[in-house]
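Consider the two complexes below, in which chain A is the common component and chain B and chain C are the respective partners.
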Partner chain A sequence: MKIVILGFGAVGRGVARVISLKKEYLQEKYGLQLDIVAAADRSGGAIFAEGLNPELLLKTKEETGKLSEYPDYGTKGISGVEILQKVEYDCLVEVTPTDIEDAEPALSHMMQALEDQKDVVTSNKGPLALSFSVLDDTARKNGVQFKYEASVGGAMPIINLAHDTLAGSNIESVYGILNGTTNYILSRMAKEGSSYEQTLNEAQELGIAETNPTQDVDGWDAACKIVILANSILNLKATLKDVKVEGISNITPESIALAKKEGYLIKLISEASPESLEVSPRLVKEGSPFSVEGTLNVATLKTDLAEDVTVVGKGAGSIETASAILSDLVNIWKASK
Partner chain B sequence: MRLNLVLELLDVPGQLLDVLKPMGRLGANIVAVIHQRDVKTEEGKVPVQITIEGDEETLNRVITDLEDNEIPVMEVDGVLRREKITTILVGNIVDRDLKDTVSLLNMLPGVRVADLDLKMSASPEKSASKIVMEAQEGIKQEVLFKIKEIGELKGLLVINEI
Partner chain C sequence: MKIVILGFGAVGRGVARVISLKKEYLQEKYGLQLDIVAAADRSGGAIFAEGLNPELLLKTKEETGKLSEYPDYGTKGISGVEILQKVEYDCLVEVTPTDIEDAEPALSHMMQALEDQKDVVTSNKGPLALSFSVLDDTARKNGVQFKYEASVGGAMPIINLAHDTLAGSNIESVYGILNGTTNYILSRMAKEGSSYEQTLNEAQELGIAETNPTQDVDGWDAACKIVILANSILNLKATLKDVKVEGISNITPESIALAKKEGYLIKLISEASPESLEVSPRLVKEGSPFSVEGTLNVATLKTDLAEDVTVVGKGAGSIETASAILSDLVNIWKASK
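After this line comes the complex of A and B, so read on.
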């Protein structure tokens, strides 16, 4: 299977690494050979029809910061869309930085690939949160696969779990902790009794929170993810602007202490049901599956037949997120046979 | 027929007797009383399990009588009659008239504020209060929604249960 990787940040590099790590495993277990026929970042890209060397891609990126410096096959300034028009491939792996204002350039990349009847795998929340229906319809119309397990909850399986494993059960609502940064901050505040500002600083020093933490702490990252789940699992035609969003910046040590006295923790919960679509701080019982600490993600599917099904997993991380992308690639491969 | 009740009583002398006496008077036969004083609720009340026997009419009369006397009947035959709803409000609570907030909650049909806890912060707009309510079974979602409305009205952050 020939793949193009657009975007070579933490997730893109993770994908190259797992492809290299799992080369023999995939060959033996599924008869799957993944050839990276092109890879691109901001600087340009590298193209080679017989397959680029994932280790060399990683080395080039690490040493020069630019994939266009890839020996012999690097091209400066070539855009993602140009690459897609030029290269023979089966599946696009879209992992460019997410943009929640206009979803670009990822949205154009995905539309180009889908209209060219190529499968698409992505971890990119922006285009899904803003234009889910368009992407989904285009994929259907062109008879290709569009998979995005990595966009919600990183390594935590939720979308394919709902679609495949729980097939036959009607899923009535979904709720979960879908942002690791805020969960880390709230867990630390509960443990240390520290203030929000202090704990955010600590998280930034540890690299858990970004220098500009707004998307996480104001709830927008979680909102993107709940929109994806609402569309994909509950068939609700929602976009980001339909979500009621309240972040964690007003959570005080006093409120956490009061919650604790009653046996509760405060967590940033995303919820989707036909009645409500919201991200807000909520009370969860101590000792319940939702009392996870650190950067873990957790989600519960409320179903008619199986009742509640809850999953927990690593919500971020290069290799962890790449594992979800790999599972999508393997599933596309299995379905194609 | 038999009926298992769970009541919540104050841990003071005479309480249990005050509850049991009228049951006998109304014609119900008391089969068992399980009274564990070491298990207490958040408000310091003691859950008491009582099994009574009698015809349907008598048993219904007993329940009505208990409720008329404001004795909380938590469970009837394993089915919850009342459930607890906990919520936390963050913001300038005292300034936005805490008494009024509690009255607004008490005015919701089937809801009673059972406990209130306040934690002041150095900056008043960051104060927090915890409110525990008892509500009739089945109206929780509606109550949670109403609390949100009250919070929005008063500019307070509402942290509800899932």
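After this line comes the complex of A and C, so read on.
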């Protein structure tokens, strides 16, 4: 199976690493050989029809910061769309940075691939939160697969769980902790009694929160994810502007202490049902699966037959997120046989 | 898709109910029409090539206790194997009572179906715990599907989650609470400070524990389940006699109180790794996903790429267990297209 990786940040590098680590396992267990025929970052890209060396991609990126420096096969300034037009491949792995204003360049990459009847696997929340219907329709019309398990909850399986593992049950609502950064901050505030500002600073120093933490702490990252779950699991036609969003910056140590006295924790909860989409700080019972700490994600699917099914998993991480992309690739491969 | 249901206890009736409830949903969403061409219990069975009426099956069972009394199409004393030889069908749903001595009559039913190149779906732990390899090999050789999501954890998805949703990750060990009855008893003992005998009596009165509770309280039900997970997820070749089993009958209110003081609960934990299979009372941290109460089941899969993935769901219940059987049927149908 020939893949193109567009984007070579933490997730893209995770994909290359996982393909390198799992080469023999995939071959033996599924008869699957994954060849990276092209990979690109902001600098340009590398193309080689017989398959780039994942280890050399990682080394090139680490040493020069630029995939266009890949020995012999690097090209400066070539764009993602140009690569897709030029290369013969089966599946696009779209892992460029998320943009929630216009979803570019990821949206153009995905549309190009789908219209060329190529499968697409992605962790990119932007296009899914802004243009899910168009992408899903285009994939359907062209008879190709469009998979995005990695876009919500990193290694926490939820989308394919709902579609496949719980097939036959109707899923009525989704309720979860979908952002690791805010969960880390709220957990620390509860433990240390520290202020929001102080804890955010600490999280930034540890690299858990970004220098510009708005997307996380104001709830927009979680909002993107709940839109993705609403569209893909509840079959709604939602976009980001349909979500009522409130972040965690107004949470005080006093309110956390007050909740704790009564056996509750304050968590940033995302909820989707056919009636409403919402991200907001809410009380959850201590001792429930929702009392998870740190950067774990958790989600409950309310179903008609199986009642509540809850999953907990690592919400982020290069290898963890890449594992979700790999599961999508394997399932595309299995379905193609 | 023509199915035969052998066994019409709580799970079999749940399957009939779910097929009746979901008729239009399955048709619309998957283009799947499920026809029950035969169903049997101890009394005999009913056969009708154009499809028995699920509601009438349920009514007949409720009113007479015997499927052989099904109007016009009932036959007294016909055996499961006779039915399988006589009827044209696609998939056997084997839901007769679990027997952990010789796995019969379920094992003969399944072997008959698999050798006749029919798919098999089951919730029956006996044949899986005693003869997994033979069944799995026979299914493979005959090119048919053999699925058993319902055999472990009722509505808690775990087997298909490991095989499909986490495809590509290697699962290194499984750790879980797999028996609802013992979890109910231990939760009540922790809450009420009551003795084991008293709590068991109470659970029996409520119908949560059986009149002969040995299989549950002595750990054998959990042991069957951990064997199934070890074979199907970890690719071991284990049977029931490979499990080190210890039940909960020696747990005292004092030991529970002592654990609680240090922030721990006592739970009956099942664990499988390539090194060992074990069911025994263990300490788990209060506030962890393993502090679930009542009849919930929970399991953690340790993976190489995705780290820990944990699922929580209803461990039993007629409709809940039937939902797992339905998901297997839907996935067999999807794979056949």
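In the analysis below, the second predicted complex is superposed on the first by the 337 of 337 C-alpha atoms of A that agree within 3 Å, B and C clash if a C-alpha of one lies under 4 Å from a C-alpha of the other, contacts with A are read in each partner's own complex, and residues count from 1 in each chain.
One rule holds for everything that comes next: a contact is a pair of C-beta atoms (placed from the backbone, for glycine too) under 8 Å apart; a residue touches a chain by one contact, two chains touch by 3 or more.
Just so you know, these numbers come straight off a predicted model, no measurement behind them.
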Who contacts more of chain A, chain B or chain C?
C
Which partner chains sit in contact with A:Leu52 here, chain B, chain C, both or neither? Use first/second/both/neither.
neither
Tell me which partner A:Val152 touches in the superposition: chain B (first), chain C (second), both or neither.
neither
A:Glu254 contacts which: chain B (first), chain C (second), both, neither?
first
Thinking of the overlay built on chain A, is A:Val144 touched by chain B (first), by chain C (second), by both, or by neither?
neither
Under the stated touch criterion, which partner chain does A:Pro281 make contact with: chain B (first), chain C (second), both, or neither?
first
Applying the document's definition of touch, where does A:Asn170 land relative to chain B and chain C: first, second, both, or neither?
second
Counting only touches as set out at the top, which of chain B and chain C does A:Ile36 meet: first, second, both, neither?
neither
Do any residues of chain A touch both chain B and chain C, and if so, which are they?
none
Could you please specify the touching residues of chain A with respect to chain B in the complex?
175, 246, 250-252, 254-255, 257-259, 261-262, 264, 266, 269, 271, 280-284, 290
Touching chain A in the complex, chain B uses residues 42, 86-88, 90-91, 117, 119-121, 126-130, 132, 157, 159-162
Write out the stretch or stretches of chain C touching chain A in their complex.
18, 22, 25-26, 30, 149, 155-157, 160-161, 164-170, 286-287, 289, 291-292, 303, 305-314, 317, 319-320, 322-324, 326-327, 329-331, 334
